[in-house]
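Per-chain residue numbering starts at 1, and chain names A, B and C are given in the order in which the chains are listed.
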Amino acid sequence: MDSFLTLIQVLDSTVRLATPLLLACLAGLYSERAGIFDIGLEGKMLMAAFFSAAVAAVTGSVWLGLLAGIAASLVLSALHGLASITFRGNQLISGVAINFLAAGLTVLIAQDWFQQGGRTPSLFAGGRFEPITFPFSEALSGVPIIGPIYSELLSGHSILVYVAFLMVPATWWVLFRTRFGLRLRAVGENPAAVDTAGVSVVGLRYAAVAICGVLCGIAGAYLATGLQAGFVKDMTAGRGFIALAALIFAKWRPWHAMWACLLFGLLQAVALRFQNIDLGGVVIPVQAMDALPYILTVVILAGFVGKAIPPKAGGEPYVKER
Amino acid sequence: MTVPAIELKGISKAFGPVQANKDISISVAPGTIHGIIGENGAGKSTLMSILYGFYKADKGEIWINGKKTDIPDSQAAIAAGIGMVFQHFKLVENFTVLENIVLGAEDGGLLAPSLAKARKELKELEEEYELFVDPDKRIDEIGVGMQQRVEILKALYRKAEILILDEPTGVLTPAEADQLFRILDRLRAEGKTIILITHKLREIMEATDTVSVMRRGQMTATVKTAETNPEELAELMVGRKVLLRVDKVPAKPGKPILEIENLRVTDSSGVERVKGIDLTVRAGEIVGIAGVAGNGQSELLEVLGGMRPGSGTVRMNGVPLALSGPGSDGQARRAQGIAHVPEDRQREGLIMDFHAWENVAFGYHRDPAYQRGIFMDNAALRADTERKIEKFDVRPPNGWLAAKNFSGGNQQKIVVAREIERNPDLLLVGQPTRGVDIGAIEFIHKQIVALRDQGKAILLVSVELEEIFSLSDRIAVMFDGHIMGERLPHETDEKELGLLMAGVAGEAA
Amino acid sequence: MDKMPKWADVILIPLISLILAAILSTLVILAIGENPVEAVNLMVTGALGSTYGWGYTLYYATNFMFTGLAVAVAFHARLFNIGGEGQAMLGGLGVAMVCLYVPWPHWSIALLAAMAAAMLFGAAWAAIPAYLQAKRGSHIVITTIMFNFIAAALLNYMLVNVMRPAGSQDPATARFPEAVHLPTLHEILAPIGINFSKAAPANISLIVALLACVVVWALIWRTRLGYEIRAYGHSETGAVYAGISPVRITIVAMLISGALAGLMAINNVMGEAERLVMNSTEGAGFIGIAVALMGRSHPFGVFLAAILFGFLYQGGAELALWTSIPRELIVVIQALVILFTGALDNMVRMPLEKLFLALRKEAN
């Protein structure tokens, strides 16, 4: 029973840790499905994390914080769009620039506003997203197996967690059941087909990049106002890149993205809980757990476990040709 | 006097310093097929791209059905009833036919009703114009002929009254092309107006009612097709009498240089492109490979040039060549006396951003003559370049210019100079005159014949039947990875070769 | 014809990009309520106003020359090596092992051995992404990013669990022995009568970096291998036609790139810290991207850009010391330089091309 509770706790922590990954991963999915590579997920999340925490700290309203985080992330998205869509620049280099811009600006502004060494003040009630408790979870918690699953694992997360997981079917539906989704997928495969069909390639790609910005904004806001209580320097800690890895892992498909993010979330949860794991004399150091998502991604990229084929027009700026 | 379906008045368009279209005016009557003919680079495609809203003209007006119409983008062109079938199809390969047709012409935010409606309308269109395709097949599952139909259906689904086709037969077999022309007839009978862009005289004579000729960005004439003839059109196209045959003495074939037995090539996606061919090229002869683009000719050249792996037996001067693994790359081929003028000089034969003098070493950059110790002997290279520029009359004669700053003809001269001057036993030549002006074509053809007369073996691949006829001493026709047969040029004609190219075997190979 | 003269491409565009980055940085400084003129003054005196300042500027510049060259060599083969950071970390590991575990009689021999180890370790860390790109088509940008994280975890493990001296709490190696101490600029210049700051960390590695610039220049523009790297970078199909193996060039170019990034460790690990600490690279691997972009992947350009970033780094440290502007200002400037010289290149280029075209038309 003890180990069952531990399992539930680890899974619960998995869900929390997978949430920012999932939001960022779906963000990247929209962008990359439209043919715009985005290695700037990390920077957008970081920027959103800072602004959401800062505004929540100042106003005391987590919702205003969320809006501010989304707005900040959208500004960086617009910059990425400007560089990679309007000026047809290198999307990878633009992403690198955005990551540094966020890393620098967040600390710079944090220092200017709060003078706490590049962090925001800690957030208290109202400035954070509170857990939502499902009905009867108190009553059911005593029921074996189902009780803990319901009251510990499913209930008791902040609203953004549920938003993130609801985004999965929503994304699938948008992508495969709507006109917008058809056009979005088309523009990532063959923008010339979209252009000659009389639909604006630029408009579609900006729309995709904007959606990416909104989702990264939510991801960042969750980090600073849901998962933790305030912003600290470099708090994304590579999550944007793990999300990118999950996207490749998922081969750019929404449901697979969810499973990939849960897997990487699980790895983080295990590393957090157990530190060095002793497996009958052989100690697996915590650093190995830290590195595992990256190693797994390299393995996937190497194609030993099924080849990941990105959208055909991905990374290439669209230039009209005769 | 009926109102013209399309009228262009004084259209001009420049790309940087290049004047692509200069004061062009044409008028096309409704319910007719109007041809526009001209050499590569004459400005035909630019003109039609302006009409389809892809480019904005610097000057001039477009009138559709007697109304002055602004066409700033493709959306406006579609609204004005114009449909375009591009030379390179604009289809999403992993979408179905139906999804491609609906894309951009959906009826609402949700996909399902749009698809259902399109399926119904498609059926009606198919029956009306006899254009049958399977709506649920994915584009990458159907052939190019079918893909072209999808493009036509896309235009018709958008209620196009005017249909522009840009070089539509480039990827088709003669039989498929005939089928296309029957479809065009049908469309004309239903009152559609069609503009057919091509550089092939035969198609103009067969299919069109009127024809306009373009040369160097200008419209040189518009005539009724019935009142002209191919010779006159050819002259209008190039501005002087065309030399249709290369002067050459009969070949004196010697010993076999290249012997191919049961050569097979599978491409990177696992499709077998060359399906077991046998061919011999002797010293002092030009063997031409005819065929519609995409029937394995390119892969054949690339295997022989060391650019991709194959299997089977290939002997060069009696010595077997490695067809895969070590010793099968371009360096090994060059060492074995094979020179290669590749099909695509811009992507393969030259590094467009390199100076001409760097390009003169391309592929031979490990030649000891170009080395000095551990460094490359750039001075020797530049001296060598100057000699070649002079001998091959490359213009402008400036070795420091980047390859991209030469015209197509002069780029090709650099490649041909580099390869022929190695004095190879075997020269592989792919599409030697694609995108090359007439003057350079003559020069390049003469160089190839001269090499043959020195007793070298030459294997020529070209999709231009005329070029095959005028250069080859022996013609092999490829279809679907097989050689359908070999013919001597004076014993065959375009019709017979056309049948072979379409896979109708005269004698099984 | 080229759309504009070569000098405009090589000098004018980077210059305008730099000015744009400078203007935006000024706005950032204004926005956080500081005086930009004063800030620049502080930076210039702090970085260039004394041999102490110069000593730091040149020390940083040495790092950036190595990482800038690393990125530049990969760029020539059209490979984007974001893994300079991880490769430099591994280089540090190599240097630390050589310095700690082998008793060296003299610094000069130790330097040669350390260089070999740094290059070997750096190249080895680039080898796997290179192989995966060449053989399996795994995107090198993603794999090198992943390898940065893996390198950080590996270094963390080595410093905490393996190389930390007994009794020390600090995740760092022991100090290197005195015998492997590299001559600083102070020690080099003193015999010829120049009095250079004793406290500044610039050392003989600077000369190695300058030599590396010359060697890379000769490699890229004067050798057969350089010719092949550039040809492959411009056109992969062209390379295949010419019998240049894409697999070989991808791997070789990345090995050279990784070796150059690793080589940085002789400066920061052996020359300055004289022990291996966590985060010894301080982001220099990433600055190499900005340096290579600004230097247009030419060794001389890399040299100039490295000096500029050396100045920014030292100036930024001084700023952080004397004002309330944190060091992260430099990260912002670095981001802006990458943005303008890399991603927004066309924003600067397109109007300029139009301008030159108009000028030419007028002249005709």
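The rule is short, and it goes like this: a residue touches a chain if its C-beta (ideal position, glycine included) is under 8 Å from a C-beta of that chain, and two chains touch if they have at least 3 such contacts.
The model shown is predicted, which means the values in this text are computed figures rather than measured ones.
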Taking each chain's C-alpha mean as its centre, the one farthest from chain C: B
Winner on C-beta contact pairs when A-B is weighed against A-C: A-C
Rounded Å distance between chain A and chain B, as computed from the means of their C-alpha atoms: 47
Interchain centroid distance [CA atoms averaged], chain A/chain C, Å: 30
Chain B partner contacts - residues on chain A that touch it in the complex: 176-183, 185-186, 189-190, 192-200, 312, 320, 322
Of chain B, residues touching chain C in the complex: 16-17, 305-308, 329-334, 340, 342, 344, 347-354, 358, 361-363, 365-366, 371, 374-376, 378, 402, 405
Chain A-facing residues of chain B, complex: 45-46, 49, 52, 54-55, 73-75, 77-78, 84, 86, 88, 90-95, 99-100, 102-106, 108-112, 114, 154, 158
Chain B partner contacts - residues on chain C that touch it in the complex: 1-3, 218, 222-224, 227-228, 230-231, 234-235, 237-238, 240-245, 357, 360-361
Contact footprint of chain C on chain A as seen in their complex: 39, 79, 82-84, 87-94, 96-101, 103-105, 107-109, 111-112, 115, 118, 238, 241, 244-245, 248, 285, 287-288, 290-291, 294-295, 297-298, 301-303, 310
